[in-house]
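One structure, as structure tokens, below. Some questions next.
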Amino acid sequence: MSLPDRALARLDSLSIEVPSWAYGNSGTRFRVFSTPGTPRTVQEKIADAAQVHAFTGLAPSVALHIPWDTTDDYAALARFAGDLGLALGTVNSNTFQDEAYKFGSLASLDAGVRRKAIDHHFECLDVMDATGSRDLKIWLADGTNYPGQSDMRRRQDHLAQSLREIYDRLGAQQRMVLEYKFFEPSFYHMDVPDWGTSYAHVSALGERALVCLDTGHHAPGTNIEFIVAQLLRLGKLGSFDFNSRFYADDDLIVGAADPFQLFRIIVEVVRGGGLDPAGGVALMLDQCHNVEDKIPGQIRSVLNVQEMVARALLIDSDALVAAQEANDVLGANAVFMDAFYTDVRPMLAAYREDRGLPADPMAAFAASGYLGTIADERVGGTQAGWGA
Amino acid sequence: MSLPDRALARLDSLSIEVPSWAYGNSGTRFRVFSTPGTPRTVQEKIADAAQVHAFTGLAPSVALHIPWDTTDDYAALARFAGDLGLALGTVNSNTFQDEAYKFGSLASLDAGVRRKAIDHHFECLDVMDATGSRDLKIWLADGTNYPGQSDMRRRQDHLAQSLREIYDRLGAQQRMVLEYKFFEPSFYHMDVPDWGTSYAHVSALGERALVCLDTGHHAPGTNIEFIVAQLLRLGKLGSFDFNSRFYADDDLIVGAADPFQLFRIIVEVVRGGGLDPAGGVALMLDQCHNVEDKIPGQIRSVLNVQEMVARALLIDSDALVAAQEANDVLGANAVFMDAFYTDVRPMLAAYREDRGLPADPMAAFAASGYLGTIADERVGGTQAGWGA
Amino acid sequence: MSLPDRALARLDSLSIEVPSWAYGNSGTRFRVFSTPGTPRTVQEKIADAAQVHAFTGLAPSVALHIPWDTTDDYAALARFAGDLGLALGTVNSNTFQDEAYKFGSLASLDAGVRRKAIDHHFECLDVMDATGSRDLKIWLADGTNYPGQSDMRRRQDHLAQSLREIYDRLGAQQRMVLEYKFFEPSFYHMDVPDWGTSYAHVSALGERALVCLDTGHHAPGTNIEFIVAQLLRLGKLGSFDFNSRFYADDDLIVGAADPFQLFRIIVEVVRGGGLDPAGGVALMLDQCHNVEDKIPGQIRSVLNVQEMVARALLIDSDALVAAQEANDVLGANAVFMDAFYTDVRPMLAAYREDRGLPADPMAAFAASGYLGTIADERVGGTQAGWGA
Amino acid sequence: MSLPDRALARLDSLSIEVPSWAYGNSGTRFRVFSTPGTPRTVQEKIADAAQVHAFTGLAPSVALHIPWDTTDDYAALARFAGDLGLALGTVNSNTFQDEAYKFGSLASLDAGVRRKAIDHHFECLDVMDATGSRDLKIWLADGTNYPGQSDMRRRQDHLAQSLREIYDRLGAQQRMVLEYKFFEPSFYHMDVPDWGTSYAHVSALGERALVCLDTGHHAPGTNIEFIVAQLLRLGKLGSFDFNSRFYADDDLIVGAADPFQLFRIIVEVVRGGGLDPAGGVALMLDQCHNVEDKIPGQIRSVLNVQEMVARALLIDSDALVAAQEANDVLGANAVFMDAFYTDVRPMLAAYREDRGLPADPMAAFAASGYLGTIADERVGGTQAGWGA
């Protein structure tokens, strides 16, 4: 069995953005364990990201996080990445690690704090101008821990105003994506807790404001693929942060916790045109490799996405529609499951070899000795951490 | 301690709509237990509803459910209600109990089924014309049980079109409220699962389309008061279906499961102008009294809402704002909790007596002997059931 | 690729018990939709169950529910089943549909109600004596809807005493399995809400009292395979009720909602000896086919279990242990996922043909015309319903 | 209204243990914000804890965490505490912050790691011998992030063996309490995820092994008061870790998120004899004051517990039992709610003044100027952090 031609074309256009911070150490509030060879600079992070692309052909761009990836010369950084075959992608702002943001940033009741946070986003736009990045991604830790602590309603108005200021500074080719999150680090309310809130804000802003959907940022039981379908229908899905979870925002490897959910999500992405380059949906990873090796963790992740895209492309759409219209519940479900249960791995191995890539990227990377090399070389300095 | 004047004025304008179906039997898929005295006709339901208002002064209108409350002459029914001191309120459509709706109604893939469902809503509008009701409430059971069973995306488009047809038939004084629900009776996807979906649809329709928020229709852990604040801010909160829950759509007495959550919700209602008569937010009950007596259950419910409104009105807003702006977390929370922990029951007893109502409506109703009377009188016939 | 010999032996011993009630109509509190050909008698239910076994070879026994399946002569019923190639299996008691049980049964505060409920279980034991069934399965709807409604602590003592009386009447070859459930139909507390409670009771009773694990009866996010592993370790896993869920006790087809979860559960079953005939773990289905055809729904279900067992048997245990002991997180996970992602369907088709069964039982059953036949023949009478 | 005599006696015996780590900084994986005056030594932590007791009379003992509170001379530390009016209480082990424990501790597959973790507990027992502490509390971060990563079943056996070794070293007056947690920091499985697992282990160990119930360590929707009732009934409730949560293990101030839940829990504690000094149930706090001041946060917390105990003691037990036995659902619930809604704060203010304590401990502490003093004095050194 092999992949049909239209599937091949879609697979060829698949690209997944990896985040620079995935290569640093991460952990929980209880402990961050360190790993030999962890990058100490943004350049070392990009070098690691380049490995993911080299072995998979799937990850041609890397997202930055400001100020974690602050550097003096972003144009030089873009050239550095380019020399490694990578583009610099989405720029992520950070308004949760400065002492000033203890009680919020863009939604704070304090005008001075909001000013500082807005200015930080202007700085991010400057970085984007230098790197040629298209998307500014805003995820806010803003919220409260106790009922009454702040004024949820007024904060929405502040937030709307702050976003407006930032939006108005976007260049003509630039976009803003607003991420939502159910909870954490705030434990009573988040100022952007759900897709509805993000959608209401970006709708008010304009065409270049879109929603970012992180697959780990929902209440238990949420039907995520429905949200994907809805946002694509509304023309407001800007990007994904892929990861997986059993409980909360676990940030595990995408597809690791519930592969069938990933399949259903990808099916709606394909269904809604989200894989079309013109569709403008950025597929990103946002994960924490707390106990596993980071580079192989990222390789595994982009492969998981690729495999699910292949499965989704195998759905017999004509048979599916016919069964759906006939209210043949078991028949329609069977068409759907047939694609999911097909083992696409041999096909993809062949597909990779056809394109000069290793059939088994995990094995090939392991054989490369790269992890040993960086463990030897990267001695001294301060390991980058998730959040550092 | 007594209620401040502004609180009294707000309390005087508080009115809660009770649903006709609350007086019939209800239960779970496992069993519907019957109760002596259960109404057998819509007139008997309205008579029971009139008791709630007589003893509390809080429930001057009753919502109908079509076809459960179908009658030949709605104008006569309105007069019947009027003679008992009640108005007929919201009309609820029903597209979940006809065999035709097994696979959906307004969102069905089948044009004939959608036609039937739209026509049913036209019939409801006719009822509203006859009763003078303002609101048409649409709750849809539409959805699927299995991945692949239907086309979620296409169903949204069908739903939008169906709603458009209904909206265009609304009279100038009429409104449509679209309710959302997380799950049940569909167990994989619901076509209107969350406030975001309801908001996207009613925003597309126009000013007289609004969201109905049922407090039991959310994912576990959802911050409902945030949604209340957001919808009021967006001008799109049309009505509440009050009830409470520990697990799913348990439909318990409002305030019974988490009184502090009810307090927080009411605080945002007050904060957002939702108690102003001009605000147009309808406060309704939607509960199932599976194991408790129905009329006392409804009396308990409207009293619970009244008590929480009184507590919310006791918040020292100046102190709260001052503490919030000072980032005094514990101080702001303390102002908030002080109102919640105040025992408003003595004040409300005095308030009722001032208005010629029994200080203790529960005791007064029990002493009235009404339950015994209807148990004796309502023999024979078919007891109305939730869903019948 | 084909199944290894040890896998074949395990697969040959796989048997799944189907419940008589799966063939009747079922639904939600909102609506029970009817289906042509639905059985009207226990004999017709057994005839339908026989179809599942005939086409799959996997379902040689059928569970009864008393009083839904009450008959005058259980020995005759057993012979009837035997003539169709089936044995009568687990007997399920019912203490949730009689008016007397409105406020509980074995855990009721009312001694008379407890007596009635205990006696009902004695009646079930009499049925078991007649049918030769091994297991008495007890699932209790007992619980409350409101805090304070009853005395949770005292009810536990009553429950313990009631179970003791029943346990003491078990024959030497008979067992009791006690099922737990998170919620529904009670919405504040259930008297047996979790495995810990069931375990505490059966541990106190003795060796022939065991836990029944229904895969839909847990809180959101619960790691069910851990409970499976734990109960097997403790020697207290008596039986499964298989089904699947997205939200609550949805009772969907096993494996439909989260196939990877089913895989993980089966892995622990295999790991803990639960497939060994000597292990005494009964694998049962307990599902509601609300919108899909019932017999094909059951066939799909037993096939889903069989496929997952095959996948679980493909795990390279030596490689897995080696990776686990080396703390090779990605390596161990890869061994695990490799089995899950293997497409076992061709192997199983061959396996079936080797045993004189249709390679594709779903297609073969559809081609048999049985559904048309029963739709024509079963006219008049009262369709059996879930709960009737 | 005043408190009845029996309530006074119970209140007089109420004591709540505070944890040393509550006075250090804490936060999330995203950020730990610092606070002026944060302790830098265990002595400073104890000095802060002494403030809580001085202003409330409720917190006469402080729990230690080893190695966070390691000192050269525990007898001297006990004297230091004694001079401030405090006893040293529960000793908490820590097996989650050493690099060796990355993949587990007492449940690890690695015998050397288990040895190290067991030896650490022996060290804790030595501390207990020196301080006179009764309880060794074991909370384990052990678990995995990915299916297949380790062998859940085998880890249970290792855990049982490790606990056995520790249990056998307990002195005659010493106890072990085993805490369970639903998830975090492990995101696929925890080795002690639920009360059933903890109960199974401590039952196997012996009488001096008991369960520790942290109120934030359950799946969403879990009925915690049921578990309290069950464990008290089984004689296996050793201690509480009080805190509150909206989502996960949020570690907010006890009673802040769902005060009615705290009421229900306390009712079962009272009901089951958990407040009797002979009952041996230790009431502890375990919270993180991420955004609020720590000492006032602890004062607020012990007051919240005291207030709820007072409310629970106000329940009219005779009326409650009568209503329960009559199946008077609304009546029983009303008795229950009457106690909850009673404003006990004036009574408790009087109660405190009778005992020479400030009527309003929060205000009195604020007026004391202590926070300003420590902010001035504690300059330099390293602030203690949660986890440091």
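Each chain carries a letter (A, B, C and D) given by its place in the written order, and its residues are counted from 1.
We take it that a residue touches a chain if its C-beta (ideal position, glycine included) is under 8 Å from a C-beta of that chain, and two chains touch if they have at least 3 such contacts.
Because the structure is predicted, anything quoted here is derived from the model rather than measured.
Visitor: To reach subunit D from subunit B by way of touching chains, what is the minimum number of steps?
Guide: Minimal hop count between subunit B and subunit D: 1.
Visitor: Weigh C-D against A-C on C-beta contact pairs and write down the one with more.
Guide: C-D
Visitor: So, what's the distance in Å between the C-alpha centres of subunit C and subunit B?
Guide: Subunit B and subunit C have C-alpha centres separated by 38 Å.
Visitor: Any idea how many Å lie between the Cα centroids of subunit A and subunit C?
Guide: Computed value for the inter-centroid distance: 40 Å.
Visitor: Would you mind listing the residues of subunit D that make contact with two or more other chains?
Guide: Touching at least two other chains: 102-103, 145-147, 149, 182-183, 188, 220-221, 223, 246-247, 256, 260, 291-292, 329-330, 333-334.
Visitor: Note which residues of subunit C are touching subunit A in the complex, please.
Guide: 220-221, 223, 246-247, 256, 258-261, 291-293, 296-297, 300, 307, 329-330, 333-334, 340-343, 345, 362
Visitor: Can you name the residues of subunit D that touch subunit A in the complex?
Guide: 26-31, 33-34, 96-97, 99, 102-103, 141, 144-147, 149, 182-185, 187-188, 220, 245-248, 250, 252-253, 256-257, 290-292, 386-387
Visitor: For a test of understanding, state which residues of subunit A touch subunit B in their complex under the given definition.
Guide: 102-103, 109-110, 145-153, 156-157, 182-183, 188-190, 193-197, 199-200, 203, 218-223, 225-227, 229-230, 232-234, 260, 264, 268, 271-272, 320-321, 324-325, 327, 329-330, 332-333, 335-337
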